[in-house]
Amino acid sequence: MNNTIVLGVIGADCHAVGNKILDHAFSKAGFNVVNIGVLSSQEEFIDAAVETDAKAILVSSLYGHGEIDCKGLKDKCIEAGLENVILYAGGNLVVGKQDFEKVEKRFKDMGFDRVYAPGTSPAESISDLKDDLNFNIGTMAV
Amino acid sequence: MNNTIVLGVIGADCHAVGNKILDHAFSKAGFNVVNIGVLSSQEEFIDAAVETDAKAILVSSLYGHGEIDCKGLKDKCIEAGLENVILYAGGNLVVGKQDFEKVEKRFKDMGFDRVYAPGTSPAESISDLKDDLNFNIGTMAV
Amino acid sequence: MNLRNKRLNDDLFYKIREDVLTHWSTGKDVDLKEAMDYMSKVPDEKNFSVQLKKAKDSGITLVQPRAGVALVDEHIELLNYLQDEGGADLLPSTIDSYTRQNRYNECQTGIDESIKENRSLLNGFPVVNHGVYNCRKVLENVKRPVQARHGTPDARLLTEIIHAGGWTSNEGGGISYNIPYAKSVSLEKTLYDWQYCDRLAGIYEENGIKINREPFGPLTGTLVPPSISNAVAIIEGLLAAEQGVKNLTLGYGQCGSLLQDIAAIKALTNQAEEYFEKYDYDVELTTVFHQWMGGFPEDESKAFSVISWGSVAASFAGATKVIVKTPHEALGIPTKEANVQGIKATKQIINLTKYQSIPLFSELDQEIEMIKRETKCIIDKVFEVGMGDLAQGVVKAFEMGILDIPFAPSKFNHGKILPARDNYGAVRYLDFGNIPADKEVKDYHKKLLEERGVFEKRDVSFDMVIDDIFAVSKGILIGRPE
Amino acid sequence: MNLRNKRLNDDLFYKIREDVLTHWSTGKDVDLKEAMDYMSKVPDEKNFSVQLKKAKDSGITLVQPRAGVALVDEHIELLNYLQDEGGADLLPSTIDSYTRQNRYNECQTGIDESIKENRSLLNGFPVVNHGVYNCRKVLENVKRPVQARHGTPDARLLTEIIHAGGWTSNEGGGISYNIPYAKSVSLEKTLYDWQYCDRLAGIYEENGIKINREPFGPLTGTLVPPSISNAVAIIEGLLAAEQGVKNLTLGYGQCGSLLQDIAAIKALTNQAEEYFEKYDYDVELTTVFHQWMGGFPEDESKAFSVISWGSVAASFAGATKVIVKTPHEALGIPTKEANVQGIKATKQIINLTKYQSIPLFSELDQEIEMIKRETKCIIDKVFEVGMGDLAQGVVKAFEMGILDIPFAPSKFNHGKILPARDNYGAVRYLDFGNIPADKEVKDYHKKLLEERGVFEKRDVSFDMVIDDIFAVSKGILIGRPE
């Protein structure tokens, strides 16, 4: 069963630590992680997902430009035939300390399936993704 | 010219440091300070003012019960023939961090002429009292 | 009243007790036998002595706030908030100022008005008015040990009620809850009344129930030289031990110089143990470090830093617990939220520094020795003027100014000593008054203050004292001329 | 491009310059001659080098925030607020991330949208787009020196603009603004481009104008062992000095262990001076201490304590300046109010500790010697693989993992070393990767980590690294198993 996911940090963002942690955590949880790293463009996310037939794309944005950088990603996914690929976003998605519910709504409106508040632990998103992909823990290599 | 003032800390309040500082500062500024100290009742303030023919009574309350402790002081002053004695209050007059303007109003309604916020420097009240008593700095022994 | 540092005998104690319990109606609910039963069922997690011992053994600094409101349910809610949101390790019940003056009628007015206005009009929890069963209600509705923190010269009824109510620790002492808190209560009276409180703790101990006692270390909280507060702490410890107290937490209020603060706590622990041994008392000793007890800055960011700085000192000094201030300190009794902020900030520093330590380098060692030397000089003299009796000695010593607490309101205090900071921020004696000290010690303090004078280009004088009193609230430590 | 650690000759410099100034339209406003004139009139109060020297001479730690918004007037307002309300001693202009990547078109979009939405949509001040005259407008409307703080691999145009604009300090370096900030920019390129920036500062110096340069000390801000960041700082210092830089501030990011942090700054100062002397550079050296640069706790009270703890370390380490975090750190770019809170909290600690010091006790001395020994081992090896040329050495050293920065995004970074805390909180090497170190050093680190393993009853492994990465944001220092 294919459990490939694409991981990366979008835009001109260089924050690498969370990305390395997510790579480690999702790999350990049995996912096949394709990590395109920091400073990745929308195109790089899509190319990686198409190439590897990924089931989900996990976009990180830490540096505050997430809103600008994520605009249009869902449309490009659809264009590339990735309409069913699950889209997550997390990190410090906007500039400044903002009410998270509003941020979540803005990103969901942009087509993201789930949106994570600053500092959410990997365990949470791993369990969500297993649900969303209907992965049974038993079937996964750990 | 009589420039006697009565100084004290009202109620069950034992905060002595500010009282000692005020004593020192008002004395140095040329006032004749009658300091009745901490834990003083309304009666003690009035007796001291009557005895010494004081021009002003400076009430400190630090510990939060100031509102209860000061109730009725003005009436007692009037009864004792001290209707013209100037009444100041200062310290941490109420329980908790409250909007000072409201506190000021409450104490003015109780008959205080001036009310001071937490931590006001002695210089400010000295200059006010000189104004209120029409004391010319030149006429005072320093 | 024949004040002697001797264990109160049972006849006398129970005779006094009969009267004490009549001071307010709630006194009648105190039944010592039943109280012992109740106490014996208080679990270890809620026993102060047990928790302090555990912390001491594992080298951890516990965190305790101050807090108290007028009404029982609100007080329980407050304590739970501090415990659950803040993570307080030990719980307080700060008692209101009318109770402290035994003015229970005024408390009642405060309680009634608080109910009417639906906000606390008292600055603490009026424990005597609420009585034994409400103390138990408080204890049963929290998860940590509860202590009464007050400032009550005559705390006998209060003590009866809190212990019967399951509270396993009581703050105070015949000196430390008199001189900084009262104007005209004699030391004979407070020493005698606190012998009662200590004796009651002793009786519980003799019945297998652990009660912690904590003399109030910081005194006036304002530039108290460590040797003065350490002398008072050790003396109150000795007086308590004589009455059968077995578990003592000696306290100290932060001066602000890291080196001096670490030295003071180390000197205190060390020297107290020496005295307990010398006088053959078997006491489990722990320490409490009070974050800065003097005037605070109004600005909350600055207040946070004063809180952190106290936590750093407490942690490196290895105090068993630290008493927490809040960002509202300069303005008024903190909201529960502000109280939690203080606890969280403190815990964060404790957690960051937990496994770190500063070794005993030579300057630190020298400071410890100096504090011990000054303290010994005072305590020895107190014994001397008491002709061997410590309680009598204390009374005489205050008369003569051998014990003298800066800025204290009591008319039984000599009020001659003046403290000021040296050029590095440590609190020194600008004027010893009648505090006994040998010439070398006096010269040492003088030299240090003159060094500051030279640096500041001004004479060593009372101006320094005043500037130092205001300094921390202005955001600095040493009151330099502007 | 022929990368050598040799001063760029004028011909080459001015040839490159011609091109650089065309990278964006504002380049045309830079006239070096006119810029020198302007700079020569910048008063001492607004000159970074002068203010740092003054602080160093009087043993004071200056306080500097980070801050920047999209639009000029808002930026000026922001800086004034930090200066007047917070009391910031030195001012920043944090540059936005598009500028850092030379994506000036996207900056323009950001500026336009920010005007439209009337809020800053950029995470910093897009200085290149705003150009020389706006830099001057900023400087003229504040009272303190202004520095550009960024993270730009190719900062040549930025550097031209800020200096012509009267800003007297520039942060960055060929290593420190590449490896932590970029993915696929070669070191040859960034070292070469930063030679340009350094050379420009050198040219100003040769014309009598003091320009401060500050390599970015904390690198990835995440568990960087002091010997790595000190090695990088000294190397970037040497590279800058070769280009004629005369005023250098070397930086270090707090690790969290007080002893290690003090030792690191002392080792850095001492060793940098040794190297400058050895290579005959005449440099005015100061230091900058960065408050905790890793993940912060979300809770603001806890964040305040992390800020205070960094300030304590900065002050006792004797750093010339400290860079301030804010209580909003974990969540997003701070409001100006939050920024002021960070500054005030920091200043309060600096003021409380100003005249206090911790002497050089033996454990501290040993830590300093250990850091210097490890650092020397790395730097010497860099020279060695560069066959005596430091610039070439750096490129080779990164290829070989002799220089290796933990958690860095760059593909030119080896990425083999692993840091973890020892049982007392100091950051050690769990895996040295290819970092050169003698056996004694390696054994020392191993022993310390094994001690932690025993204490935690688990193997020394990658789990410790992960736990340590999250620790501070969870309110602790050492990531113990739960």
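For clarity, chains are labelled A, B, C and D in written order, and residue numbers in each chain start from 1.
The definition used in the following text is that a residue touches a chain if its C-beta (ideal position, glycine included) is under 8 Å from a C-beta of that chain, and two chains touch if they have at least 3 such contacts.
Computed from a prediction, not measured in an experiment: that's the story for all the values here.
**Student:** Among the remaining chains, which ones contact both chain A and chain B?
**Tutor:** none
**Student:** Based only on mean CA positions, could you tell me how far chain A sits from chain D in angstrom?
**Tutor:** 30
**Student:** Provide the C-alpha centroid distance between chain A and chain C, rounded to the nearest whole angstrom.
**Tutor:** Taking the average C-alpha coordinate of chain A and of chain C, the gap between them is 55 Å.
**Student:** Whole-Å distance, chain C centre to chain D centre, using C-alpha means?
**Tutor:** A distance of 45 Å separates the two centres.
**Student:** Of all residues in chain A, which are in touch with two or more distinct other chains?
**Tutor:** Not one residue in chain A touches at least two other chains.
**Student:** Looking only at which chains touch which, which shape fits best: line, ring, star, complete or other?
**Tutor:** Line.
**Student:** Once the touch criterion is applied, which pairs of chains come out as touching?
**Tutor:** By the stated definition, chains touch in these pairs: A-D, B-C, C-D.
**Student:** So in the complex, the part of chain D that touches chain A is made up of which residues?
**Tutor:** 97-98, 100-101, 103, 106, 109-110, 113, 120-123, 151, 180-184, 220, 222, 294-295, 298, 328, 330-335, 338, 407-409, 462, 466, 469, 473
**Student:** What does chain D use to touch chain C in their complex?
**Tutor:** Going through chain D, the ones touching chain C are 256-259, 297, 299-302, 304-306, 308-309, 311-312, 340-342, 344-349, 351-359, 361-363, 423-425, 472, 475-478.
**Student:** For the complex, which residues does chain A have touching chain D?
**Tutor:** 11-14, 16-17, 19-21, 24, 37-39, 63-65, 67-68, 92, 94-98, 118-119
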